[in-house]
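One chain, chain A, links the two complexes that follow: it is found with chain B in the first and with chain C in the second.
This part shows the complex of A and B:
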């Protein structure tokens, strides 16, 4: 187990071109020992490149990687003490489950007794004990994925377990169980887990720290709550949460209020230093409430449709040309075509050039 | 689909199939029941006389058949080992990769008969360059006139000619393998040997079986090399089934008997190759 420092790391796949396009723009970050991290972003945003740089499958074009302050940038994968789980289960087809789990230790010349002890312990954690003598190829996809994971966990000294969308091939109900066991494993073994995914639910339920990436850039690192309530960019607001954050093009009208569609909305953001008056108002549909009377921050909305999702209702309405979505409890009756919606000032995020004004 | 005239469109293909496959087989079977030879060149009917002769009074055919089995199995195993090694070599990022890939394919692009003539010249026991060279060490093997060595010569030429084909198939197989198992093995700390045994070889098993079967079918027809190199000699030391059938049919004009040999040979080959394919699949792919 180790602390992992990524110092000024960048990567391009065509380094010999004059103005190379970066798959990963320069960034620095520290991954603490024993924490759970999720790298979240749309396809092609550089998640896998980042993971492969850490595991040593890709050498970064710039910057350094340190494991416990030791520079490992030039070390090959084998010498880095990393475990990686791929999107599709990788097992040794010709071996039994036991031999699969024992393989990394056999390659490192551990004693027979030690190997047996470790394999027993890991197979119990992963619920694979009853399959140990079966040929690995006979297991189901999720069990095979557990074997891939188990091969990472049998090594006690492993610096981090990296997972590249490991639950893609797994059924939804099993996904939930596997995520839970991953968390338990993390608590039991104190292994640093890094999890790459494009599924926000997976990231939110799995990790303490979520790293959101877009177009080779790390746009926000934080707790699920921060990402949800205070997205640092409009991209994060749009990408995280379902439905996406409501975003309205507006104009600054005073030091703490903005105007959109001729409506004055108060915010808690200090707007006095804003030079460009064109801003965006962002608010989560979860924070918008139905109001009974006209007061500050209440807007009149023409209801387009109401969708019942079982545990909540999603109202889609129009304010002039703008579309607004609000999540409300399903018990609340929605009687008329016109609704009053309240936008709480403390939940309004203001974005200038798509970046959050703090 | 219910279309009245579909047979009209099927006919060209069917016609070709009947013309080149079904008719010759049926004709051969009929011929095998006749005594057609140079004295009585006609399609008479002599019952199973030819078959009785083959199974009771023709050890030469069976000898040639076992010789063929030995030659084809040996050459194909050698081709597989050498072809796989070469493919593994140029699969990785080495210098002049393209150059080597083309070089290894050259033998396949040459005409077998012409190359065999060149090999025969190489191995000529008194005039060939091989013995000229070996002579400096005081040895001069009888490449073509000693029964044991002549077999080795045939094997050398066959392996040289057809390893590229094996190489090509196996290289294509290697290039199509997924990357992840190799990365996983690297992360697990597997040595090159372990990677080969537990990752490369199992992944290559299906394509290996395909390549081996294709080559076995081809190798069992071995004829031109033997014809040019040794003419089946010395004696019958390198005579294979197809060469023996050729002698019976086209040199001695025992057409009826040659048809019996051909048909029997065909049946044996179909059965044995099916068994071989099944056994190989069982051995190499564990399902």
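This part shows the complex of A and C:
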């Protein structure tokens, strides 16, 4: 277990060309000892590269990695004492399940007694106890992934356990249970867990801190609540939440109001220092309510469709050329084609050049 | 039919004598002809007693083929692993070019190499010796091993090596503790091809040996004289292919598993 500092880390896979494309743009970050982190972003945004840099499989083009303030940038993988679980199960085919789980401990010369104890403990957590003597290759894909996960968790002294979308091949029921187990392991052993995913629900339910990435850049780091309520960029607003955040191209009309489609919307954001008057208004569909009377921040919407998702209704409407989505309680009857929707000023986020104005 | 018939023909001929082969068409032993062990006896009789004695060439062939195959597999596997996992650059030369260089040794007609090999072995004093043949056969067999194993290692996910490194192995341990045991089917296929190509080679065995050392293919051909002894030729053909058939039966199940069959994922 260790505090991990990523100091000005950057990486390109083609360092010798004149203007290299960066898989990871320079960034700095600290992963605190014993915390749970989720790295969230679309495919190809640099999540796996970041993990591989921490585990030592990839040497960063720039910057330093520090484990407990010790520079490990040039340290080879096996000397870093990191555990990593890949997206697809990687097992040692020629070994039994027991030997697979024991392998990381054997490589590090743990005593037989300790190996036995740790393998039993991890196999119980992962429901693998009855398979211990079976050849690993005979197990199903999700059981094989449990072995991969088990090899990551079998060492108690690892600096961090890095997981690269490890539950992709596991069925939803077991996935839910495993996420709970991982949380319990983290709470029990204070192991730093870093979990890469492109599934926001997985990230939100698993991690204390979420790192959102896009095109090799870290766009926001924060608690699930912050990411949801105050996305720092339009990308985060779009990427987090289902449906994505409503975004409307607007113009600043006063120090705390904007105009879109000739509608004046008040906000709590100070817009007095804005130079570029073209902004975007962002608001979550969860915060938009049905209004009964015309007042400030109420807009008239032409309803296009209403979808019943069981626990809520999703209204999709039009305001001029703009499309707006609102999540409402399913008990509320939607009778008219025209609806008044209220956009609370304190929930309106204003973005200038796709960045949140604080 | 096509596989078994020639063997049956050879087997039946090996038990015939001069009369049964040359006088008329004969098929069924004890009915059409009287079986004789003469064809088989000739193979183990010494030349002084009118035999050809293929026992020594037989063991020579086993020694040369096995030694050259094992060394080729060891060196070829290491080379193939490096070519599969690391990127080499030397001018315009890349990994694929190096792999092609290996296999291009087999594309060349053997006659092209015969004079250089002859001069090389005579210079280092290994002409007409088992060791000299082993050296030459390694050159012939290693490209096969490299070619098969590069393809095999390319199909082994590199995450397997990476996992081993993360679990605490150094790169060498990752290779021999994890990657190599997972590559046994590939090693067997490569070994099989090396043994086949080593065992059946006649050309270099003929060019590079004279009196001290003889390999089985040369000895079998030497059986043919002014009168073709079909009975002993058939017997020697059968004992020549016997080791290959035995090896093929043992490793048959691995041949069908030439790849990992998705076992890693």
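Everything below uses one rule, namely that the second predicted complex is superposed on the first by the 358 of 358 C-alpha atoms of A that agree within 3 Å, B and C clash if a C-alpha of one lies under 4 Å from a C-alpha of the other, contacts with A are read in each partner's own complex, and residues count from 1 in each chain.
The rule is simple: a residue touches a chain if its C-beta (ideal position, glycine included) is under 8 Å from a C-beta of that chain, and two chains touch if they have at least 3 such contacts.
Computed from a predicted structure; not experimentally measured.
The superposed arrangement places chain B and chain C in clashing positions on chain A.
Contact with both chain B and chain C is seen for A:151 once the two complexes are overlaid on the shared chain.
Applying the stated contact rule after C-alpha superposition, one finds that A:14 touches neither chain B nor chain C.
In the superposition on chain A, contact is made by A:141 with chain C only, not with chain B. Contacts of A:108 after superposition on the shared chain: both chain B and chain C are touched. Residue contacts after overlaying the shared chain place A:249 against neither chain B nor chain C. Touch criterion not met for A:188: it reaches neither chain B nor chain C. Chain A residues 55, 57, 76-78, 82-84, 86, 88, 90, 92-94, 103-104, 107-108, 137, 148, 151 lie at the interface with chain B in one structure and with chain C in the other.
For chain B in complex with chain A, the residues that touch the partner chain are 178, 180-181, 183-184, 186-191, 194, 198-199, 202, 286-287. In the complex of the two chains, the chain A residues touching chain B come out as 55, 57, 76-78, 82-84, 86-88, 90, 92-95, 103-104, 107-108, 135, 137, 148, 151-152.
Of all residues in chain A, only 55-57, 76-78, 82-84, 86, 88-94, 103-104, 107-108, 137, 141, 148, 151 touch chain C in the complex they form. Those residues of chain C that touch chain A in the shared complex are 157, 159-160, 162-163, 165-170, 173, 178, 181-182, 184, 260, 263-265.
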